[in-house]
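After this come two complexes, each holding chain A, first together with chain B and then together with chain C.
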Partner chain A sequence: MSLLLDRLFDGITNGCVYAIMALALVIVFRGSGTINFAQGELALFTTYVAWWLSTLGAPIWAGLVVATVVGLVLGAGIERTLIRPVRRRNDMAVLIVCLGLFTALNALAGLIWNSESKVMPSVFPNGLEDYLSIGGARLYFDGLGVWLVVLVVVGLMFLLFNRTRLGLHMRAVANAPESAALSGVRTGRVLMFGWGVSGAIGAVAGVLVTPLSPQQLGLQTMFPILIYASAAALFGGLDSPVGAVVGGLVLGVLQQLIMGYVGFIGDTLPQTAALSIIVAVLVLRPNGLFGTRQLERV
Partner chain B sequence: MRTPIVLARGSWPHRAALLVLAGLVILALLWASGLAQFRVSQLTSVFIYAIAISGLNLATGYTGLLSIGHSAFFGLGAYTTGILVMRYNLDPLSTILPAVLLCFVVGFVIGLPALRIRGLYLALVTLAVGVAFPELVRRFESLTGGARGLVIRRRLLNPPPWSGFGPGERAEWLFWLSAVTLGAVLLLVHLLVRSRAGLAMVATRDNEIAAAASGVRVAAVKTTVFGLSGAVTGLAGCLFAMYLAALSPDGSFTLLKSIEFITGLVIGGAATRLGPLVGAFAVVYIPYLTANLNPANVSQGQLSGVLFGVVLILIIFLMPDGIVGGLSRLSGRLLQVHTPTPLVQEENHEASTVSDSRDLTARGVQ
Partner chain C sequence: MSDLLHVEGLVAGYGQAQVLHGVDLTVGAGEVVVVLGANGAGKTTLMRAIAGLLPSRGAIAFGGQPLGGRRPEAVVARGVSLVPQGRGTFTALTVHENLRVGAAVRGKDKDGIAADIEHWYEVFPVLRARAKQVAGTLSGGEQQMLAVARALMSRPKLLLCDEISLGLAPKIVAELFAVLRKINDEDGTALLLVEQNAELALDLAGRAYLLEVGRVAGQGPAAEFRDNDAVRRAYLGY
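Right after this comes the complex of A and B.
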């Protein structure tokens, strides 16, 4: 029983991280209609910024705030300077720009801070003794902290989308870009803001998740998370923020249970398992669980 | 401005020009094969990359199916050769056919989702394949050697006696084998693209609905092209296994290899005949040339990674057709090869059914 709870807690913690990364992907997708393959590396880069500040003696909280701001600026800047000019051309151009960013950001982080793994300080107490005991299972404080932060981020996003003018504009641009533009929404700025927000969310996710993982901060840290987040986003339906969060949590828990109880897959094929979900969803139900049906005019 | 010289396709000046070009290529190869062994090996890897990128070009360049998973075909070809040579004692050359067939079948199957999904989503499926491949190799350790890798004994890779190369001349043998294979692949791609099937591919890319409406069997085109594309990249994988003789899942068959292929394709020029070759030169020589520039404290590859990314983005912005596309547009001002009229009757019929026939001819069928 306690083992099951342990796995459940771990699953929810991972799931929370996938959920907000998926949320970041969904925000970009709703606006720009593309999956930002560079999302993970953007988060990686900002996480390195936070780590770098912490080595200079800044508290990691400050690092988190700075990383978030850097993520916001980088995300918005990328949309304005690199994505928007090629967006009208075709899907492939945008994807290739994203792949270019993927390679360049990853290598740039390695170039600036070299490619050895770093020890990332945690925002929350993460000693071996810092846990709550629930039914014999250990709920560590850093895991709990991740849950809370994710809850806050999701809550903020909910407020942004549903209670603010900007959020209304974002939804309008996602649903009907031309009508939105005709009614005076400045679509360009809204898209830029969307990329900025997802860059910021990525930074939060990166700073929170790296202290949890055993390898700490390395150049490969964020890529698997991006894969899981894409699976989660697809699972929930690429254009649904609720779907992204639900998808992330389900995937996180499912993954822990599969790793724990399905011997054949075990812990050797984690990404393949996640990717099988991607393929299955795409083939069987391309709009995911919560996504809107795409209609195509012939 | 000067008016360009116009050559009719199939006329004797055109044929003579082609013959002279072929002669020059052979001379260049003869010269290159006499270089130091290190250089010869480097060129061999360029040829192998060029074959792999040609495969990608079929799917991504001509048919518009973006694949981020071609590293898996490359790996599948390489591992098929490796396993057949090491575990079943087959001759390396005879492993090429089964490997290529296997890659074709796998490519065909992966192409199946392309019938329902496209663009971005297809890219995700191929991403899945690309990421899963190294994990699967590690999982099926008994067959593949797992994370420790699969080493092919050098003795087994010696040139066959009929080739005229001695046992010690493995590098030269592979150089010529890769060069000839590349030549054959480029020729086949050229013929395929100029055929009806090539027109169908380009039409599918440019406007799927219009293509279907004018009788192109879009589903068959997509799956078959994906299979072919995988087969060609798998063929490159076979040669790569003979070239490297040591395969490991994390070494050469990760997603980064796919990104290298795409980078090469975009730099060289998607949907151009010689783009893959030019791109392969870029992919092999940019890291090599920048390795010397790296500051000592930076681990290898970082600077070239940044450069790759920047070049990729710059090319998209400045030269959407890649180097070959850009150059051929420039050279078009001096020399044009033009297809004599009788054929145009038939081709017009096909071209005008696509919504924008000008676009078709400009981008795909020169």
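Right after this comes the complex of A and C.
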């Protein structure tokens, strides 16, 4: 029983990170119509910024704040300079630019900070004794901290989308870009802001998740997370923020349970499991759990 | 009468396919003008070019200032609003949210926007009844009413309507045209209509243009148009 709870707690913690990364993917997808494959490496780059600041003596929470701002600026800057010029041609061109960014950002991080693994400080207490005991299982403070931060991020996104004018305009552009432009919505600015928000969320996800993993910070840290987040976003329906969060949590918990109870998959094949989910969703339910079905009265 | 909209030598199209070959057209302040023409004559292209959705050559001036080459969001900010063909609504947003997006150019004028939404709910009571429904669940007629109200939320000086009667029941069409007449009478909003329903449109309009394969083939007062035998045979069917 306590072992199950342990696995559940770990699953929720991982799932929280997948959830906000998936949310970042969904925000860009709704506006620009493509999966941003550079999302993971954008998060990686900003995580390196937070790590680098910590080596200069800054507290890691300050690094988190700076990394989030860098993510915002970098995401918005990428949309303005690299995505917007090709967007009007077609979605495939945007996809190629994203793939290019994927390798470029990874290489840039390696160039600046070399390819050796770094020890990433944790924002929350992460000693062996820092846990709550619940039914014999251990809920570590750093895991709980991730839950709370993710809750705040999701709450802020909910408020942005549903309570602000900018959020309303983001939804309008996602739904019908031409009608949005005809209504006077500055679509370019709205898309740029969406990329910025995604960059900022990626930074939060990267800084939170890196200290949880035993490998610490390396050039390959964010790639598996991007795969899981893509699977979560697809599972939830690529254009649904709620679906992204639900998909992320479900995937995180499922992954832990499979690793724990299905011996032959073990730790070695979880990414294959994620990819299997992507394929299964594409075949069985192309619009995901919460995605928009392309069916309307006209 | 000074021209509100002045279009001269307008050339536009899609990629290699040029559709408009130098169109001249004017709309005066508070005037109602209808553009008639067969399918493929370039009516929709004309509307989209004016609204900034298509690149174009030639001159488009609005209120004495050049409008050509502007982005759609800048065109609507200047006071030209388009109801596009096939309903310009946000199907995933509620009726109320659609109207709020329509007021995008008005910034943070919260009270004025709320008052206008209330006004359009009074004009179209069915929209009030469906205020919290997403627009995609509305009937075709209701969506078209929403599209018109959404376009008017920007308080345009000139409203462009691209085939707003298309595919709708006669009763709904009559209701929509009554509203167009009302906003022209009461608010002085100028109208430029592209319309299949020539009879109804000529009834509302002061002047008419006939567009044939991308060129203006005729123009004049709407009453004369109706009495013109060729126009009658081609567009009125009697």
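We adopt the following convention: the second predicted complex is superposed on the first by the 294 of 298 C-alpha atoms of A that agree within 3 Å, B and C clash if a C-alpha of one lies under 4 Å from a C-alpha of the other, contacts with A are read in each partner's own complex, and residues count from 1 in each chain.
Keep this in mind: contacts are C-beta pairs under 8 Å (C-beta built on N, C-alpha and C of every residue); 3 or more make two chains touch, one makes a residue touch a chain.
Worth saying up front: this structure is predicted, and the values here are computed from it rather than measured.
**Student:** Quick one: classify A:P125 as touching chain B (first), chain C (second), both or neither.
**Tutor:** Touch partners of A:P125: none, neither chain B nor chain C.
**Student:** Could you look at A:R171 and tell me whether it touches chain B, chain C, both or neither (first, second, both, neither)?
**Tutor:** Touch partner of A:R171: chain C, not chain B.
**Student:** Which partner chains sit in contact with A:P59 here, chain B, chain C, both or neither? Use first/second/both/neither.
**Tutor:** A:P59 sits against neither chain B nor chain C.
**Student:** Applying the document's definition of touch, where does A:G155 land relative to chain B and chain C: first, second, both, or neither?
**Tutor:** neither
**Student:** On chain A, what residues does chain B touch that chain C touches as well?
**Tutor:** 298
**Student:** Touching residues of chain A toward chain C in the complex: what are they?
**Tutor:** My answer: residues 165, 168-169, 171-172, 174-176, 178-187, 292, 296-298.
**Student:** Using the touch definition up top, name the residues of chain A that touch chain B in the complex.
**Tutor:** 33-35, 82, 85-86, 89, 91-93, 95-97, 99-108, 110-111, 114-115, 227, 230, 234, 268-272, 275-276, 278-279, 282-283, 286, 298
**Student:** Touching chain A in the complex: which residues of chain B?
**Tutor:** 60, 64, 66, 68, 113, 116-117, 119-121, 123-125, 127-129, 131-132, 135-136, 138-139, 209, 259, 262-263, 266, 297-299, 301-306, 308-313, 316-317, 320
**Student:** Can you list the chain C residues touching chain A in their complex?
**Tutor:** Going by the criterion above, the answer is residues 51-53, 71-73, 76-77, 81-82, 84, 86-93, 97, 100-102, 104-105, 108, 136-140, 143, 150-151, 153-154.
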